[in-house]
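Heads up, there are several structures right after this.
You will see two complexes here that share subunit A, one where it goes with subunit B and one where it goes with subunit C.
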Partner chain A sequence: MERVDAYPTREYQGFKLRPGKSFPFGATFVPGGVNFSIYSSHATACSLVLFDKGQAQPKVEIPFPDEYRIGNVFSMIVFDLNYENIEYGYRMDGPCDPQQGHRFDSSKILLDPYAKAISGRDVWGQAPNWENIFPHRSLLVFDDFDWDNDRPLEIPMEDLVIYEMHVRSFTRHPSSGVKFPGTFAGIRQKLPYLKDLGANCIELMPIYEFDEFENSRIHPETGETLMNYWGYSTVGFFAPKSGLAATGKMGMQVDELKALVKDLHRNGIEVFLDVVFNHTAEGNEKGPYISFRGIDNKTYYMLTPEGYYFNFSGTGNTLNCNNPVVRNIVLDCLRYWASEYHIDGFRFDLASILGRDPSGYPLSNPPLLESLAYDPILAKCKLIAEAWDAGGLYQVGSFPAYGRWAEWNGKYRDGLRRYLKGEPGLVEDIALRIQGSPDLYSSRGPTASINFITCHDGFTLNDLVSYNDKHNEANGEGNQDGGNDNNSWNCGWEGPTTDTGINSLRLRQMKNAVAMLLVSQGVPMILMGDELGRTQNGNNNTYCQDNALNWFDWNLMDSSSELFRFFSNCIKFRLAHPIFRNRWHLSNQDRVGSGYADITWHGTKAWNPDWSSSSRLLAFMLNGKHARGGIVEDNDIYVATNMHWDSHWFELPRLPEGKNWSVSVNTSVNTPEDIWEVGHEPMLDNQNEILLGDRSVVILVGK
Partner chain B sequence: MEIIQSIEHDVNVVRITGDLDGNTAPTAQAQIMLLASPNVKIVLDMSEVSFMSSAGLRMLLVMYRTLISKSGKVVLVGLSEDIRDTMSMTGFLDFFSYHETLDDGLKTLSLG
Partner chain C sequence: MAFSVTLKMLKNGVAELSLVGELDASVANEFKLAVEKAAAENAKNLVLNMKDLDFMSSAGLRVLVFAKQKMGFDVDIYVIAAQEAVRETIEMTGFHHSVIMQDEFIAI
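Showing the complex of A and B:
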């Protein structure tokens, strides 16, 4: 049946109009036209500005008639638009009184905060026209993608192995061999590699539209163009970055990303997004007008009493996340990505900011975090917090969780790194980290702990064992940027060396790290390229490098096949053994009557761990009858770690009659006997004790 | 944009010439849908299509969904490399069977 509202009621300069619907916000297709809806708490007038694609000047500006505004929402239907050829924005009028928080400027054309695709940076790195009066333009997007029967995979949290990836870095290197390097499509072409590795979740560093040219500059010495490469600076929260899509120049980035998600799901791989809601690309009072500043500055930003921007993010401004209006747009945004893109989970950059009130004070019960935790659409999405911010709030272990939120466990990273480099006094801490940090997450369970040793922030795994200090000169900031608390050890020489002893120790240290990571309770996360020993030449903050410092060099597949094999077998071993993937904390007691506690602790003498402050050795045994709280039966697993510079004999705990210890991993043995395929572990000749070489890890399976 | 139809044995051959975009896709769709009788077999010859926009891709998929709901079959032939890449990256190609040449397309449908 034809709808009554399919007909215009008014005409303006040849454009046919009708009062719009306030809901939903943004631009939506309706019969015969497009519904435009936008809100501002303080604007006094608003016009819709339409451009033909790529044109310097608007084709028309249509003021919203007064009766087209309901509450603070301006909405209008425009008929007969050639939707593929339209770019749109808004012009807002209102007070400009920075002390009062208002910065309206009717000379600016503003991006729709709800824009589902954005033009202006269509092809990565293509120099924009700096004279453009409207550089980031909203596009109209069809939301009719054909998902067949796909939906988010809902893999239980405890079963995930996360692989953190930058879309461009993954395939931009010429060695990737993909047809469209550096794009969503490129990732799809590398699916077989991801399957070989075995991770079942990829976490994409920012893919919301950002401007790679934000603060771009030339390095005074190297001449290299430094860019906003990582993209932790959002232009539009609803739009995938065009420059990360091979089809971005045709405006089809939405379909390309959805096709990637669908294909990953088909292959059993979840997709998480790293989302940046703590600030925007508009910077401080000296920054550009892109969208929020000109639409409703006082609502969207945390402002000092004098009207300046609070800077809890370290980037110039702070999104006012616990203003009810801003809270809603964040919720709308995540709902959109979960429902329209079938995204499986979100990692929130500097998430502690999301728990601050409009004056910047930490809230005990932050409404935004609570809304996200209880939202019906997000109900099965994984929510992961980077539980700190640049304003000094550090909430690892205390982030308001509502039974939902997991955290990047910074204490896991720091503890494991220090233990790995042979610092004494850490065995008690390591015992907690390996158990999923029950000291931090007693009521939340180990799945609250995202365990990682490396992530995009900081050294790669190879650099962690190759450098004592950061080497960030390439960033052009006099090596002042990036963290200094790396807890790294170069194994005897700073940087690359031909010393075979050092190189073999480094390789072993990398194996030690991943082995410990993958037998820890909680959710392991691996940084892209660590499985091939990717280096950033000691740079621990490559946020601005669009070059080989970030690009994944696929030639490493030949030279680092040993490490890759080790990584992928460790992942497969973890996924084969439910005993590593408990939803609830181990009790250190025998609650199923197996004769053994679920986890028991050992040292060079079985049953006698050395907890002393000089200890660098720790072994533990997981009893198979306790897997998943005793619901399933698994093998017994024994893990011994020797971070001392000498080798030590470890006495093995005795297995029940009829079972024997087989060796799965021994990092001090040469490949291919450093790790065995699941199910093919050879039985140990000596069932009483095993020699652990200096700085090595052994994993045994009782069967 | 121009559409020429012919019949080879029991297969409808539809040859599209020109661009398929927001302006031309509705016309193309309307014309092709006239053929949408039960069990129809269609070869879409795209060798003279130089550009296809998002609207063009959507037209193809709507046509595909309509035809299979009537137990029909559709095969694409003669896709340019650009168009095939775009269709592949955006997931549209997953729905279609496609062949290099018209002959191959006809063979597939005659056998099927």
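Showing the complex of A and C:
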């Protein structure tokens, strides 16, 4: 049967039309043509503006006839378009009354909020034509990628090891040796490296279309161009950033990113996206018209009673996430990424904003967060909140979770950093952090806790042990930007040094950090490059640096092979031992009749931890019969941490008859004996006690 | 340059399509029809000679996907002598995993 709605009913300047379908929003292929659908609560008129690719002026503007609008939705089918050669946008008319929240301007051509690909910044860093009347243009995209048998991997949350990565930074450095540097295709070429490292999830910093030229400027002293490099400022929520794709100039970024996801999945690696729904690239009153401002300003943005933009994001505007219309676009967007791109999880930038009502007050039961948690398409996706915002809301431990949401655990980061640098009085805090923060997530379990010591915000791991203070002069803001609460320690000298004692202590501190991270309950996250001791020269906020400060230097693979080996063996050790990957909190009791509690605490004397305020030592033992709540049996594991500047003997808890302690990790011993491959750990000669060097970590396996 | 595609049945059930010129959305349907014709001949192998193909857009790539699905899983698709730009397009979008890329056709 041929469809009867596949024929035009009207013609406008040679273009054949018929009334469109309201659903789905955006541009969709239908037999013989393209269905365009867009909504606005306050527009009085709307035209579809079509361009031939790259042309300065439109080829046609087609006003939506009255009967093509249902409710607030304008929809129209246009037949016989050469889809590869079309760029489209909308022109909207309506009130311009900023005090009432309206900023319609019919002189502007607007990007479709549902655009699935966007041209205008096709090749990264290529200076645009600033006179362009329509700089970010919506493109037509086929949703027909050949996925074979792929689907999201659904690795259990507790089994993940996350690797946070910036797409461009990963392979842009000339040393990467990839064919398409700085792109999605470039990452594909580095799959063997990721496999060697052993992480099973990569979290991509923003890949939604953004404008690297937003607020770009020249550093007054260095002459370096500073850009919106990280990309935490969205132009289009449904479109992958063209400039991160080698095929961006051909408009094939969608296929290229999907090919990356498919390849990663084939290698057992999940893909998370860092998504920015808290604000857009349109800035405040002085910002440009890109899309939302001209389509329905009052709906999309949180506005003060006077019509100014609330600034809970610290970037000029705040998306009005709990307006029902905006809530739906966020939901549509995530559903699209989960179903069309097979994305495994999302990390929400400044997620606390998503829980504010239209006047900015925190909601106790935010509908958006609830919708996401209960959505059928997102049902198996991991949802991770950055549980604070720039407006002072700090919800680590209290983010509305609906049994689904995990959080970046800022308290884990701060506690571990302070303990690592040798601050006293932290052992009780560390005991909680290592257990997956039961004080914060008692009802949610350790998988609610994304444990990390470093992330893109702040120092790299190497800088954390090399700098006491931030050194952000390269950002051109007089070292005023970036956080001051780094909890870092330079080990005796600020910055690089040839002092071998300091350098070996720094290396040891990095090993201590990753060792503690990977034996903690919860979900560990590693920052790209930390495994090779990547430095940003003490810059703790490299958001604007398109250069070696951010680029992953692959030459480090030679000079830092010791650290890489340590990282990758720590990851493999974690993944070999289910005892570190419990779904529920440890009880500190013996509920399986093993004779030992699931976790027991020790000090220089076994069974006698020093909880005092001057203590810098803590050891614990995980009993193997309790792994995964007692469902599986694992080895007993003993972990001792000495953050004191002196070495100490630790008495070892005795193992059941027939079992002995073998050493897996001892960070105070020179490589290659600092860490042993899983299954090859040598037995300790002395089963009664072990000497921990100053500032070191020991991990033993009972077998 | 104008696009053309010619189908030649070789021995052993090999269908050879020679692609010439620039393959984009405006001509992709000609390529698709040729693939359908090859499928109708019950070809065992599909050989795409791209020696003289100067450009392939996303629409062309989609026909490759179509070919793979239309011909069935038993049919191997060979991409022969693709020029650098075309080869890169196929690589960047990951499609080289689904076809056999060769300089000249040697049945595997």
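Observations on the structure shown:
The criterion applied here is as follows: the second predicted complex is superposed on the first by the 703 of 703 C-alpha atoms of A that agree within 3 Å, B and C clash if a C-alpha of one lies under 4 Å from a C-alpha of the other, contacts with A are read in each partner's own complex, and residues count from 1 in each chain.
The rule is simple: a residue touches a chain if its C-beta (ideal position, glycine included) is under 8 Å from a C-beta of that chain, and two chains touch if they have at least 3 such contacts.
Just so we're clear, the structure is a prediction, and the values are computed from it rather than from any experiment.
Overlay on subunit A: subunit B and subunit C clash in the combined arrangement.
In the superposition on chain A, contact is made by A:M250 with both subunit B and subunit C. Look at A:D349: by the touch rule set out above, it reaches neither subunit B nor subunit C.
In the superposition on chain A, A:D634 contacts neither subunit B nor subunit C. Of the two partner chains placed by superposition, subunit B and subunit C are both touched by A:F180.
Legend: residue contacts after superposition of the two complexes on their common chain; A:D146 is shown touching both subunit B and subunit C.
Residues 82-85, 142, 144-146, 179-180, 183, 185, 188, 245-247, 250-252, 255-256, 258-259, 262-263 of subunit A are contacted both by subunit B in one complex and by subunit C in the other.
Of all the residues in subunit A, the ones that touch subunit B in their complex are 82-85, 142, 144-146, 179-180, 183-185, 188, 245-247, 250-252, 255-256, 258-259, 262-263. Remark: subunit B residues 21-23, 53-55, 57-58, 61, 65, 85-86, 88-92, 94-95 touch subunit A in the complex. Per the touch definition, subunit A reaches subunit C in the complex via residues 82-85, 142, 144-146, 148, 179-180, 183, 185, 188, 245-247, 250-252, 255-256, 258-260, 262-263.
Considering their complex, residues 24-26, 57-59, 61-62, 65, 68-69, 88-89, 91-95, 97-98 of subunit C touch subunit A.
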